[in-house]
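Take a look at the structures below.
Same chain, two partners: chain A is paired with chain B first, then with chain C.
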Partner chain A sequence: MSEFSVGVRQRDTVSIFELKGYLDAHTAPELEKTFQNHLNESRFNIVVNFSDLSYISSAGLGVLMQFIEDVRQNEGDIKLSNMSPRVYNVFDLLGFPMLYEIFDDEEEAVGKFLNKSDNPS
Partner chain B sequence: MKLRQRILLLVAVASLVLDTVYVFVQHAITSSGALEGDLFHTALVLLAFGGGGWYAYRAGDVEEQRPMQLIGRTMLAGTLYLLLIGIVKLTANPSFTEVNGIVAPASFSSLMATIVLAIGSGVCAIVVFTGLSRLVFVKRRKSTRRNYAFLLTAASGYVLLAFISSPNGFGVTALETVTLIVSVLALIALLLNAFHFSWILMLSRREKLITLLLAFFGFIFFIILSIYAGSGETVSRALQTYHPLLSAFVNIALDFGALSMGIGFVSTLLHLPTAKEFDRKKMEISTLQNMSRLITQVFDFDELMATTTHLALEVSEGHAAWLELINGRSTHRGNGHGNVTDGGGLVGPSLKNITAVEIGQLCGSDGKPLRELMLEAAHPVLVQDFVADLRLDESTRKMKGIGAMVLVPLSSHGEITGLLCVTRKEAFSFDKDAVNVLSAFADMVSVAIENSTLIRESIVKERMEQELLVAQQMQQSLLPQQLPAAPHYDIAARSIPAYEVGGDYYDVLSLDGNRIGFVVGDVSGKGVSAALYMAQVKGIFQSLSRDGGASTRDILVRMNTPLCESMERKSFISLLYAVLDTDAGTLSFSRAGHCPLLHVRAGEARFLQPEGMALGLDAGGRFADSLREESILLEPDDVVVLYTDGVTEARNAKEEEFASERLAETVARAAAHGAQAILDEILQSVHHHSARAEADDDITVLVLHWRGGV
Partner chain C sequence: MTQANTHTIQTLQIQSKTELLADMRTFVSEAARDFGFAESDVGKIELAIDEACTNIIKHAYRYNPDGIIEVRLSTQRDDALIKFIVEIFDSGLSFDSSHYTAPDMTEYFRKLRHGGLGIVLMRKLMDEVAFGPAVGGRNTIRLVKYLPASSA
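Moving on, here comes the complex of A and B:
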């Protein structure tokens, strides 16, 4: 039931977290640890790919909220991508689209980071 | 028993006194002063010494005496007896007359000396005989009692025969052959009993040395004594004069003493070379026993660690020891020859006679290669010559104070969980036994540590359960106890907390004459912190909603700021606030990131979802910007349902959610039956759908049934 995993890929300066399974109060600490490790290593460009995530609870959303401020203060961002309608609905209901950039495709999200660093305008 | 013993002693002493008087009287009235064949005297002597002997023998049963004490006491009795003989000879020097073999004291002073010597001999013989008898029964075997019975029988026979054949007794002469046979039998019995000395093995080296000394002097004294008492010397004559029975008994006791001491001396001497080794083995055994006792004392983890190093030193006679546990066992699996993976580390060291700095020096800055040596090998590592062992770094080998070292792994379920290291100052001082003992010891430590960890975990779990219970009680007490009711509307509400995740909240507020507020919310997180946020929300609502002019939107906007300040970053609250104006028949509401409001009119259901983000997410203007208010003009038999996501997200075995469609259908079906009936129907449908006893999430539903007729 509460099986969950985070896979981490690196593309250029962007870290991509691939979430799999159920993200709830029991599994949230694992995602928290992944975020914490990245922040400790000063990696602040993060894309979270939700394509394999079946369920997210408020505790899972809490993890994103926990780190967004630190990430943005360090000129980075947490961008979200590839949400299933069910997962998107949870984000939407809570008003997260107003706080996070949500993309249909990981490519777009990564591109957004890379373009920004290419032309620092 | 105690009283009987005292009476026995009293009778013995009284008999002795009476007999002494009798002997003096006899000496005065008869010319020879001899007491041959005197039955009254015999009876009194038997009572005095028989009773005294029995008393001495029984008195020892009360407490178990240690063999060394018994040997010491026997030796002391022999020494005092020798002294007594010396004093009597020097002061009185008694002389005796002999007529037809019958011996008698030559003078009154000789008689006195005789009596003193006789009583002294008797007491000494009793002490010696009972002491040695008890020694026979130390570590008794099946044959012990039989051998002792044989000794008593043979000794009694010998004493009796000596009495009958002695000129001072009955003077029967034709018994030489029988006497010889019985004497040989008695000697065999003495030897049989004296050879029972297995207790010597169990003595420590120091005790063995003391025993050796005692037995040596004891042997010499008793040889001297038995020669004195047996030959025609003063003592022998005095005893014969007094009573042949006593004389024979003293002889037997002194022989017993000499034999026991002699055999004891030789046995101890033979055991002496192995004494040190034996001591060590005994120590090892007792330490292992201590350790197994330690397994049950696992409630204090630090104490367990400290005791472990302490016992490790004791068991191995080491100079310094330390114990470390490996943190995060899954990352530290030694795989034979491979490297130990990074991450985690050695934690919680317990040190003895060595400092953390020294260990750091010993292991190098990154804990290599010493720890690696053992972690790779996964079996004990013995460093016999610390200075020359090439497995160690050159800098490590230069460390002072270490000659040899043993590293043993602690393991649990096939994984290494820590290491125990013991060092000695001398090189080549650990043998294979020491390594084996330390290994066995390490196994016990592993079990103890694992037990301790399990206990700690169960305590933590219990505490968490307690906390959840408190949170649930808090949550329940925050919910309204009574709901308002009026002719033109009715309300029903219910919140069912899930086992762990408790964050749902609802409230119904009577604002002013014609307005009622409804709140349904969901606090992210769980336990006590969720319950505390809930209490805060309730408090803020109760103060803000007093403002009659404020819209639902205004109130939520005003709420957001203090909540953002007080809440943890990762926490937020989704909430729907609705206000019913009973005069106007309107319901206006705002939604802060919460589930939509369900409105059912004439079998037609619609979900109303005005814009708005959850409380506590954004402290800036975005919250206010996002938030909208909506209003409905109610018609009779309209039903409004406020709920949390626990309702729509309730899943069945196939992972299908209850979903808003089912909720809408259920409410439409039951709409005509009033708020309570609708609520019941919803809860039952959800329960039926998920078909589980325990819900994953809290379920909260608030139903407003508008009858109208304003």
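Moving on, here comes the complex of A and C:
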């Protein structure tokens, strides 16, 4: 049985999803639920932090594809960070860096949202 | 093909339930590691088999948990190649690979599609992927990874 959990933290206007464990076809619905709840609450600035994720299959990548359109139509984004080489390799094999910004560090991903919403005068 | 050099090492049957994918991954990755693959290749084999079994659960059995998935591992020495062979059998709906074309990923992202990535991954992760015709009412997928010469 796969172990998987999603923790959610808020940093300013940005929601951080912390993924932990194994993300496969069995556990992907849990991530789907977290995204759905966020979108229902009109929270569209999302950083997914993969630092504690040991494994991902295409079912996990499918969840990101499922919500990206909705999120971007609402002027938000899904940015990804802190992937292990193993997890990054799966994204890279499928060409996901074409569509998603992937950062080494959560800080940079959050900064990208906050700098964008700053309106220096 | 000479069958004399083929050795079946292990077989595992599971019910078609996504909660058993982790058991299947453990089974395949342990065998691949024992056979001499480096961790990066063990990870590729494990993911390819997960994708194949996930497709069977979803499409062949349509989430009916009573379906049976059998995974047979064997090895073959074929001239210079040392092959780790994973054959997966199911008795669900057949997948007609002759009508399958791999998605163009640029187009895939432009249209924001989702799903259908399992076969793309299997082909990228393994050296050979073949969908066999249904034999005796069972569908077959055969996935092969070559053991790099330096590991042999």
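Just so it is clear, the second predicted complex is superposed on the first by the 118 of 121 C-alpha atoms of A that agree within 3 Å, B and C clash if a C-alpha of one lies under 4 Å from a C-alpha of the other, contacts with A are read in each partner's own complex, and residues count from 1 in each chain.
As a working rule, a residue touches a chain if its C-beta (ideal position, glycine included) is under 8 Å from a C-beta of that chain, and two chains touch if they have at least 3 such contacts.
None of the values given here were measured: they were computed from a predicted structure.
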Inset, instruction - Could you tell me if A:Tyr88 is touching chain B, chain C, both of them or neither one (first, second, both, neither)? - result: neither
Inset, instruction - Report for A:Ser58: first if it touches chain B alone, second if chain C alone, otherwise both or neither. - result: both
Inset, instruction - Using the superposition described at the top, determine whether chain B or chain C touches more residues of chain A. - result: C
Inset, instruction - Look at A:Ala25 in the shared chain and tell me whether it touches chain B only, chain C only, both, or neither; answer first, second, both or neither. - result: both
Legend entry - Touching partner for A:Glu69 - first (chain B), second (chain C), both, neither: both
Legend entry - Contacts of A:Met98 with chain B and chain C, given as first, second, both or neither: both
Inset, instruction - Take the contacts of chain A with chain B and those with chain C, and give the residues found in both. - result: 25, 57-59, 61-62, 65-66, 69, 90, 93-95, 98-99
Legend entry - Parts of chain B lying in touch with chain A, wherever the complex brings them together: 500-501, 503, 522, 524-526, 568-572, 574, 592-595, 609, 611-614, 617-618, 622, 626, 645, 655, 697
Legend entry - Of all residues in chain A, those that touch chain C in their complex: 1-2, 22, 24-26, 55, 57-59, 61-62, 65-66, 68-69, 86, 89-90, 93-95, 98-99
Legend entry - chain A residues touching chain B - in the complex, by the definition given at the top: 25, 54, 57-59, 61-63, 65-66, 69, 90, 93-96, 98-99
Legend entry - Complex interface listing, chain C residues touching chain A: 18-19, 21-23, 25, 40, 43, 47, 50-51, 54, 57-58, 105-106, 108-109, 112-115, 117-118, 120-121, 124-125
